[in-house]
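Naming follows writing order (A, B, C and D), and every chain is counted from residue 1.
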Amino acid sequence: MSDNSFGRLLRVTTFGESHGPAIGCVIDGCPPGLALAAEDFRRDLDRRASGRSRHTSQRREADEVEILSGVYQGRTTGTPIALLVRNTDARSKDYDRIADRFRPGHADYTYWQKYGIRDPRGGGRSSARETTMRVAAGVVAKKWLAERYGVRVRGHLAQLGDLVPDGFDWDAVETNPFFWPHAAQVPALEACMDALRKSGDSVGARVTVVAEGVPPGWGEPVYGKLDAELAAALMSINAVKGVEIGAGFASVTQRGSEHRDEMTPAGFLSNHAGGILGGISTGQAIVASIAFKPTSSLRLPGRGVDVHGHAVEVVTTGRHDPCVGIRATPIAEAMVALVLMDQALRHRAQCGDVGEVVPRIPPYPAE
Amino acid sequence: MSDNSFGRLLRVTTFGESHGPAIGCVIDGCPPGLALAAEDFRRDLDRRASGRSRHTSQRREADEVEILSGVYQGRTTGTPIALLVRNTDARSKDYDRIADRFRPGHADYTYWQKYGIRDPRGGGRSSARETTMRVAAGVVAKKWLAERYGVRVRGHLAQLGDLVPDGFDWDAVETNPFFWPHAAQVPALEACMDALRKSGDSVGARVTVVAEGVPPGWGEPVYGKLDAELAAALMSINAVKGVEIGAGFASVTQRGSEHRDEMTPAGFLSNHAGGILGGISTGQAIVASIAFKPTSSLRLPGRGVDVHGHAVEVVTTGRHDPCVGIRATPIAEAMVALVLMDQALRHRAQCGDVGEVVPRIPPYPAE
Amino acid sequence: MSDNSFGRLLRVTTFGESHGPAIGCVIDGCPPGLALAAEDFRRDLDRRASGRSRHTSQRREADEVEILSGVYQGRTTGTPIALLVRNTDARSKDYDRIADRFRPGHADYTYWQKYGIRDPRGGGRSSARETTMRVAAGVVAKKWLAERYGVRVRGHLAQLGDLVPDGFDWDAVETNPFFWPHAAQVPALEACMDALRKSGDSVGARVTVVAEGVPPGWGEPVYGKLDAELAAALMSINAVKGVEIGAGFASVTQRGSEHRDEMTPAGFLSNHAGGILGGISTGQAIVASIAFKPTSSLRLPGRGVDVHGHAVEVVTTGRHDPCVGIRATPIAEAMVALVLMDQALRHRAQCGDVGEVVPRIPPYPAE
Amino acid sequence: MSDNSFGRLLRVTTFGESHGPAIGCVIDGCPPGLALAAEDFRRDLDRRASGRSRHTSQRREADEVEILSGVYQGRTTGTPIALLVRNTDARSKDYDRIADRFRPGHADYTYWQKYGIRDPRGGGRSSARETTMRVAAGVVAKKWLAERYGVRVRGHLAQLGDLVPDGFDWDAVETNPFFWPHAAQVPALEACMDALRKSGDSVGARVTVVAEGVPPGWGEPVYGKLDAELAAALMSINAVKGVEIGAGFASVTQRGSEHRDEMTPAGFLSNHAGGILGGISTGQAIVASIAFKPTSSLRLPGRGVDVHGHAVEVVTTGRHDPCVGIRATPIAEAMVALVLMDQALRHRAQCGDVGEVVPRIPPYPAE
């Protein structure tokens, strides 16, 4: 049961290897009537793309999306939307030397153990190239959420190694290649990245995604809780090692009197919960943060093992990012958007007849 | 699409409200031939139970499990195993005063917004009482994993507010009501809990679960990754706000040269990955940690809103834990075990014919 | 992957063996606010029950339904509805003699081959007793469909061996123990049954279910087609060997000019399609027919094999029906209702915003 | 919840419209190591193809399959296998005149009612062109079933209007464009088809599929029964109106003493059950038959309605088959193979440790 589909009602199936002929996805369950065109995918695919700055892998893919089905005269028809992106800049020979060896910190070893066979070119299926189609599918979800419910999903880099933001401005996020929310620190981030590249090492990162405008009521207790599905969606992104909702691990040392978000008719007084209580959205901003491990593909030699069980030294010379987190923001946004849209559809399936029985409490801070 | 089922091939469906006549579950997909009896559930249900010490809610439930189906002459038959536990110590009148109001930090408000109706007695479906059946189902999974693969799943409290273990000994964990791994600190934990009870406040906690003996190869990339499903399983537990695999958020500040677990034919040299690479088990110990928020049910008054939108003051006087984390260890173990068993079945479905193509690398530390 | 759940959004999980302590089900995904009480189940369970007439098995079960969860103050809450029925009239010793042998035409042999173990008492899980919970779950679906959409689901026996109705009157159906639509023939049916009982043999039957009032648009192409799911639902009933939608196998010899249901603004001119085109409801009556095989439990000796591979003679002396079809009508109705409700929820999930874009064409005949 | 995926563990997702740029599928869950190449698809796609004889639609598609993923060095890797077929001979202008009208007996009306929008070109998603990808996916299933279990899945036309086979020879089936099992009747079938084309009318058909070599034990009671899933799979094929397993509707008039397949240590004495008891394979041949309705696309004028609710006369002039059943055999085979492979994987997931506890009974007739 290889599991390359995501979602229950909005169901995304992705396929493709890093250096195969193409990657693609099928988006099933999208409501009919949504305006959709190939150019809608451009912005987020560019935001995710390699080669956007000198700080990321220099593989340059055009990432031209072809819509193969599900759209007629510019509108979705309710049938599956298939998207195709051809791979054009795959340099498979870069990987010849690692075909028979397991790099430390990579999926090489586990794919071999699971399947007894593995496409080693560029990481095959385990490559971050797969996330391209997450971002593409996320575009559809973001669009529908915005048009149907006024939901906005956006994210930013929240930590790079030891660097944390000294200030916060959503407007700054899209003005630098790091999705960093404080423009004045960008030179420091660039210096950090340059130093990493020089040393041949890598570093981890934290990314935060915020979804505003989500109405109360989305989420399916008890195993389809909104936070549970966000956790799965975000943890399924390559290199993610942790997920927090709202206060996250900071909750451990909080007192209940601090953590519980008090509420008045005028609004919630805080949002430690990150917009979710009992697995269901509160109407406050949904806030999720994730930890990215440092890339394992390093120029620094590391000890590994080959397929015959012999010790080998591994040095990576392909095109790799010293920090995978810095272009992960659009991927994380996409996963959040996909979960939200799926939950929106599920909610109206079961509770489509429930009106506004109790008054809504405005979110904190008032938006 | 209320979602009260968990798992793909080992599929657990739970039902029941805190103060309804009963809670129960149906476990579907368990392989036939597993020895199973009502007394198998005793140990873990007792570990989870309220009333085990003065530090937890004083609700005392016998938690007698009745096996309704799926077992014949002491062995599972492959048909669904239904378990029933009658509720016996439900004091619903404790909750009368909160039936029309939303307590801060609770699911009261979100259930109302979602369903337009809510069983207020003891939290209804959102009560931690539901976790009883997770633990019960987890017993089956633990038993099968141990017998079939030699897998051991166990956990411990890893932080209580600001308190962290000063030492570590698995043997200590079951000797105190906190599942704390260092016996010498137990008096300090008791003092902390007593102080909380006196103050009417609560605090968060961290729980860590470790699964040893998992063979390499379990996990279904890319959306059924082992870590993604652990994240969902653990985040679905009441009051959990964060999930980490292996190094978790500490990865953010790590260098790649530190994080990537090097390997030699004699074994892995570290386990920052927490036993999972590319969503597939490495054969190392699976390590997951979770953050519990502080209980929101406090004697300290809090600002809330009633169903008519009016401001109210909420004071909780029912039986509640000042720290839900201290009896969450068996729940977390259960969720990990359920994910592992489900993945084991899925793995052999697709890859049952894959032999040991490449040599296994022993885990770190050698066990 | 034992599969004891049915439906996608309205998800019913059943459990229980014929002679175990109880049978039951969990109904997940029911919209909140539906009035529901234990007595709602009485009528259909009685219609299905053994012991209703001398023509059916003389096992007499009270079939008292206990609602364990999901209902508060007489209304569904959106959480899982668990139903429990205790087995009270199980005479397991009747089955001792067949515990080690495979009866021809029964699931004995296949359960052994699949699971390597089997509860032989009363057929265990493969007993028609399991259908009790289908009927119970169907009650919820029928009620919701009727209240929310005005859909009526009802069925009748359409053939008993060689006997076919000489007339048709819905009002006659509930006045005889056969669900036969022509009262004048009831004595002939009774004579047929008496002759069968005397001979120790059995005979097959055909049952037809009609659902009126289904709006156009339900059904999920291409693999979740309404007719495909009806086919699975009906074929999953014990002893069913064939399913037809509308004209069914008669379509084979029809001409297209006859079969295609022409339409005018005043309405469809026929309903050979049985209310479904392209897997989606047309707004006409949904018509499905099923074939029941003759019971294999006969007093006439038959050749079988025992668990050691030796030839045995099998004579059934337990309580059995000479025609299982005669009390199958409520079971078939239930399965149709469950499919329809599930599809209704799925339809509004994806297409809840689609208004009446094109005019509805009235069904044939005008109702 | 548009539902364009099929299967649980072997999961096939198809996409594409008749006159869109391409059709395709993603096959997820295929075990690794299966040899697979583009040419493997040729035979069955040719068998299904239009334009194979003068008796079928004259649309001529090359149906060149491109494997986009999941295969490395000629072997499946366990990652999703994506297949793409470009549409090349789509004459969309043929359909301009029907874009705003509902043809009787077609899905035009129901798609409009469901989605409020529809791609009218060639039937859009409801076109039989979608079955191309079923056949392609079925090739993978057939190959795996044959190599892993020695299962052979094959079918034949069993009735064309009033014509039934006068003799039976599997070797004859592939020697004529009708998949007819008796060569001497082929001229009569050709005459029948010629007469239909002349008259502008169409006729129905029956197709039978037989799967030999299926071991006992496949099938998941009670809602994932092998026969239930075959019923859904076959009913989901365009134009199918009925499904029978084994004796099917003939069971209605059979006596139990005739129907129940007696068994001796030397083998079963008949196969009225069609190889399935209690939803689980017996080890006998799986036999399923389906009814195809006569094509609704006729040159004979029919009464229809347009999108504004006005009466229209519909005459079809595009390229259509007078009997869709005559090239449906490979489609039906594919669906049976997909169900069987999926069930095989599910069976070994749950029951992979069950050995041969009881002796196998040879099928009838001995093969």
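By our rule, a residue touches a chain if its C-beta (ideal position, glycine included) is under 8 Å from a C-beta of that chain, and two chains touch if they have at least 3 such contacts.
Model, not experiment: these values are computed from the prediction.
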Worksheet, complete the sentence: At minimum, the number of touching-chain hops separating chain A from chain C is 1
Worksheet entry | If a chain touches chain A and chain D alike, it appears here | B, C
Worksheet item: Roughly how far is chain A from chain B, going centre to centre by Cα mean, in whole Å?
Response: 26
Response to the item:
The distance between the C-alpha centres of chain B and chain D, rounded to whole Å, is 45
Worksheet, complete the sentence: Separation of the C-alpha centres, chain B versus chain C, in whole Å, is 39
Practice prompt. Hunt down the residues of chain B that sit against at least two other chains at once, touch-wise.
Written response: 1-5, 8-9, 14, 29-30, 32-33, 78-79, 114-117, 125, 221, 345-346, 349-351, 354
Practice prompt. Between the chains shown, work out who touches whom and classify the graph as line, ring, star, complete or other.
Written response: complete
Fill in: For the chain D and chain A complex, residues of the former touching the latter
1-5, 8-9, 11, 13-17, 20-24, 26, 28-30, 32-33, 66, 68-70, 72, 75, 77-82, 84, 114-119, 124-125, 345, 349
Worksheet item: Tell me, which parts of chain B touch chain A in their complex?
Response: 1-6, 8-9, 14, 102, 104-107, 109-117, 125-126, 130, 159, 161-162, 201-206, 216-225, 227-236, 238, 240-265, 269, 272-274, 276-283, 291-298, 300, 302-305, 307-311, 346-347, 349-351, 354-355, 357-361
Worksheet, complete the sentence: Listed in rising order, chain B residues that touch chain D in their complex are 9, 29-33, 78-79, 148, 221, 345-346, 348-354
